[in-house]
Amino acid sequence: MGIPAAKLKELFLKMSQTRHFEETAARLFTEGKVHGTAHFCIGEEATGVGVCSALAPEDLIAQTHRGHNQAIGKGMRLDRMMAEFLGKETGYCHGRGGCMHIADSSVGSLGANGIVGGGIPIAVGAAFAQQYRKLDAITVCFFGDGATNEGAFHEALNLASVWKLPILFVCVNNYYAMSTPLNRHMNISDIAVRAQSYGIRGKSLDGNDVISVYEATLEAKEYVRREGPMLLVLNTYRYMGHSKSDPQNYRTKEEVESWKKRDPLVLFRDRLLRDGICSAEELDALDGQALRDVAAAVEYAESSPEPRTDEVLRDVLAE
Amino acid sequence: MGIPAAKLKELFLKMSQTRHFEETAARLFTEGKVHGTAHFCIGEEATGVGVCSALAPEDLIAQTHRGHNQAIGKGMRLDRMMAEFLGKETGYCHGRGGCMHIADSSVGSLGANGIVGGGIPIAVGAAFAQQYRKLDAITVCFFGDGATNEGAFHEALNLASVWKLPILFVCVNNYYAMSTPLNRHMNISDIAVRAQSYGIRGKSLDGNDVISVYEATLEAKEYVRREGPMLLVLNTYRYMGHSKSDPQNYRTKEEVESWKKRDPLVLFRDRLLRDGICSAEELDALDGQALRDVAAAVEYAESSPEPRTDEVLRDVLAE
Amino acid sequence: MRELTYAEAIREALSEEMRRDDSVVFLGEDIGVYGGAFGVSRGMLEEFGPVRVRDTPISETAIVGCGVGAAMSGLRPVVEIMFSDFVAVAMDQIVNQAAKARFQFGGQFSVPMVIRTPSGSGTGAAEQHSQSLEAWFVHTPGIKVVTPSTPADAKGMLTTAIRDPNPVLFLEQKLLYRVKGEVPEGEYTIPFGKASVRREGRDVAVITYGRMVQRCLEAADAVAREGIEAEVVDLRSLAPLDRDAIVASAKKCGRVLIVHEACTTGGVGGEIAAIIADSEAFFWLDAPIRRLGGLDSPIPYNRTLEDTVVPRTAGIADALRGLARKGASWPRA
Amino acid sequence: MRELTYAEAIREALSEEMRRDDSVVFLGEDIGVYGGAFGVSRGMLEEFGPVRVRDTPISETAIVGCGVGAAMSGLRPVVEIMFSDFVAVAMDQIVNQAAKARFQFGGQFSVPMVIRTPSGSGTGAAEQHSQSLEAWFVHTPGIKVVTPSTPADAKGMLTTAIRDPNPVLFLEQKLLYRVKGEVPEGEYTIPFGKASVRREGRDVAVITYGRMVQRCLEAADAVAREGIEAEVVDLRSLAPLDRDAIVASAKKCGRVLIVHEACTTGGVGGEIAAIIADSEAFFWLDAPIRRLGGLDSPIPYNRTLEDTVVPRTAGIADALRGLARKGASWPRA
């Protein structure tokens, strides 16, 4: 493992931040402080954090509706994320988008999308601009297992392949599209097979192991820059319901529990301890910092002003 | 070759009818007798005729914009086809659809589609109805190489696979989507590879050899009935322009000529003579019959009445 | 009479039709064990089984297209699109296929398909999950468009929709799902193209539909205390549209307010205004025809902003007052 | 001044912008060696090369989506959709993505993308290749809609569209491609939202756009011989819409005829009628506001039927006569 210790700690911190951010957000829901919906990625932290931490600031990402890990991985600020979640003017989208549309152009996030698969062609366009401008940067496009059944996925991967664009397609496979298990929404078990339809490379790996995700991304990035698109499938699991109103009657508690035994944070913690990278105290300190960061974000968000109603039409059109 | 002689003659007759039908239609264009457009399949006769002649009357087909061979293969009447081409009331669609929307519910044609890929999900729906009704029949869905880049293709094949529907997907690969050659609209050379994304069987074959097309369809039909969807790719070539207004500046004359050396009608004629199934006289007689059939169709069409303008709204809605 | 919620009324209509006619099948994302994103089909998988209540992959084009093909083959599919915003993903199948199949094939096929989908804002689901898109389809020959505003209408009109030989876009009003109302037991149909006068009045004709009916009634009550008697006409279906009811009410009142949730510009309100302005009611108008639609804006996430962009009861009442005010009309004379 | 066809004028605008600004790229099906289905881009591949003039696979969703992403990343993509009917295939990318990206991300991105596409009937291409779908987009906040009716407008408005920081749907009038007209040399822009009075008159205001402008002018000439002076207002862009010009002309003439090719019901004509009926012009109206749009029908293949479903010069002239006839108004008084 040639990853510098500082990077490993960054990964751990971001994963902890993601977990605490979402646990806190879920609590705010229960407390009735949020109007709207949210999709939590608890259990999947290693995917977005692992991938995005391997990217350069100038690389771009297109996020999903379940993308707090992607956002935090790419370096978005917790306070402005939380403010957006609460619909505040200080939020990334000035309260217009909520967490389904979180974006931060300053760190290279093209935003999350509420239309399943809708962001994939857009990411292809961003990669096209990178190629056209002869930039060294790449675009990473996230989507779920369910999204690979949308026509947009197919068209976008084909176009990216024909034009040899510098884009890494990352499928976060949590084995469910809402209530529908993978084996009832497609007839293959390895989503990476779909790469073959476009003549591009496909690869599946354990999405709960942040180190392999990080390393695979580093490698994929070089590949994509040289050779064009690639499809990376990260197998993982979501612990919480699909969204706030999910009865979760489509899976068993045992299934959820069995995945929790391979919790990405616990796995990573054990590994860091085992390899002697961090002491338990150091990891606890990082976790404590994550908790404090989230608490500060909540405070920032709660004390932030509401958007002004007389400015509601502000960004319908650019001047 | 266990195909009965009568069936072989039927194949030859239908292929000749297709060729003469289109040559005549093209002439009517030049004579200014047609307002609109048409897409001719000359050079591809073996595909639609070979496939559809292997089907039972109760099997269904969904046609493409380039589907006169499919229509004639399935048993549509030349006279009503020609009348539709001329926009007459006696045409299959009473002059409402033209040849891009030709359909004949009485022989199991669900109609041609003007939207590339648009007919594929519809065919899946027809196969769903067959499965739901526990019918023995199957649905055959035609589309071109270019159409496999539409999202509709992807979604439809996946759905058909998940539901194990009795549908045979037939890709008529003529190596061009309008002016764009296959290798510039996808990054794979064998379209049958795309079957793997859906966990279904895929197979490519020479689409100019009507006997292999016919036999492959018979076999595929049994497979599809038992196992669910399959993708059959028929490699062929169109001689004429994409539509009436094609400058054909995207390919060389030599390329066209080289394909003409493997003309499906000539190949088949040679084979029938070589195998002693028919004499040259018999084949000439069949060809003569095809010519007369087309002439009669033109006469029928030309002497047919125009639709009445006061009935134009007749089929906007069913009562 | 017993009361049901709007969601229960829809479930009842669909279940009754499925019991009555086994050519009715039900397709959509997460409609089975999950019961649909809004719980409309809860329990239906248990009753009808997975062959007739079919979960689909996330493939709106294929879902609607499958409905079209099944309908052309004699089934009566009811297709659920999880949010009406996603009709955009299936637009080709709805507009170029379902709505045109009959016409372009010269009447050889009909497409008895219902697309059920929740429409409208108010849940904090933001830009891509909150639109009111009915105007697109009112402008599409070959498809009917229905917007029931009560549980009883939802039931009766869904039954009508399922039995109709044409494609029907059945726009469920998301914020009404939990609203209760009296609903007759057993099967019944409510015809399309027949508006319902929800409140009689003589001063201002309020032409509206869907979730705005309730707000218009509230506003009418508010201004009634000030002596303004508004008549509230609920269109119920937008295609066909009850031209006669619109014209009659406009003629009777001489002043017209049109209210809908969808963005004002290009909305169905324009069609209604145009019908009135080109009818004999024109000669009876005492004031300009007023439209009060949503602002020309996507629906924002923040609750207050979201509330700002659609007509509210107070705003409707104000518009009624403005219209009824004497002297507002005929400065020319 | 030299004359160009409408198609040539479009090519000239696009070429000039590509020369001026290398962030302008051009994507679409068969736009390269083929020159586009209507020959609009003939010769452009030769000048600009395959990096900037990009043939795409048949993937409308990906094409438009690629345009959105490229625009969000600072390019100025011009995307061609071969027939405007195919916007239905890319509807999600146009409506849910392009038109909403700026708003939903709080102004962080803009989407300076132009979607060029041929609109309308008249070529015998039938139901799925002949629609006039502008009304859908006029009802979509966040996107502009342009319908130039002359070569000079086509050039100037395409230049404006390419320089606009917002998505613009540029609806080319298929039947005008070969029509010639004077076109200034060199770059120039024509602002959106400014109608042009193509003919002055005082008896009837004819509000129209796109290909119908020509027919309205012909009809106006025909009735002029009978002493009816029609004013013909060409809206040029539909979003933004020149409200002032509409109201001024209606007020001046007191009688209004609205003409468009798109189906009447739910068309842009409703919006125009509603604007007039809710404006000060209302008080100056001497007759009901008449709309003459296409029949509420898909476009049939047969030439005579096809001609039947859209407004013709003779029909427009008849409507003008009907409107201008004395006694047509105010039976109430």
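Order of writing sets the labels: A, B, C and D. Residues in every chain begin at 1.
By definition in this document, a residue touches a chain if its C-beta (ideal position, glycine included) is under 8 Å from a C-beta of that chain, and two chains touch if they have at least 3 such contacts.
For clarity, every value in this text was computed on a predicted model and none was experimentally measured.
Farthest from chain A in terms of Cα centroid separation is B. We define each chain's centre as the mean of its Cα atoms; on that basis chain B and chain D are separated by 36 Å.
Chain geometry summary: the mean Cα position of chain B and that of chain C are 41 Å apart.
Centre to centre, using the average C-alpha position, chain C and chain D are separated by 29 Å. Within chain B, contacts with two or more other chains are made by residues 93, 95-97, 101, 113-115, 118, 149-152, 155, 158, 162, 184-186, 316. Among the residues of chain D, those in touch with two or more other chains are 56-57, 59-61, 85-86, 89, 92, 96, 103-104, 126-128, 141-142, 296-298, 300. If each chain is drawn as a node and touching chains are joined, the picture has every node linked to every other. Note for the complex: chain A touches chain B at residues 149-155, 158, 161-162, 184-188, 193-194, 196-200.
Of all residues in chain A, those touching chain D in their complex are 60, 62, 91-97, 101, 103-105, 110-111, 113-115, 118, 120-130, 132, 151-152, 155-156, 158-159, 162-163, 314-319.
Residues of chain D touching chain A in their complex: 25, 51, 54, 56-57, 59-75, 77, 92-93, 96-97, 101-110, 141-142, 144, 165-166. For chain C in complex with chain A, the residues that touch the partner chain are 29-30, 32-35, 37, 55-61, 85-86, 89, 123-129, 295-298, 300-305, 308-309.
Of all the residues in chain C, the ones that touch chain D in their complex are 85-86, 88-89, 91-92, 94-96, 99-100, 103-104, 126-128, 135-136, 138-142, 239, 241, 258, 262-263, 265-274, 276-279, 282-285, 287-291, 296-298, 300, 329-332.
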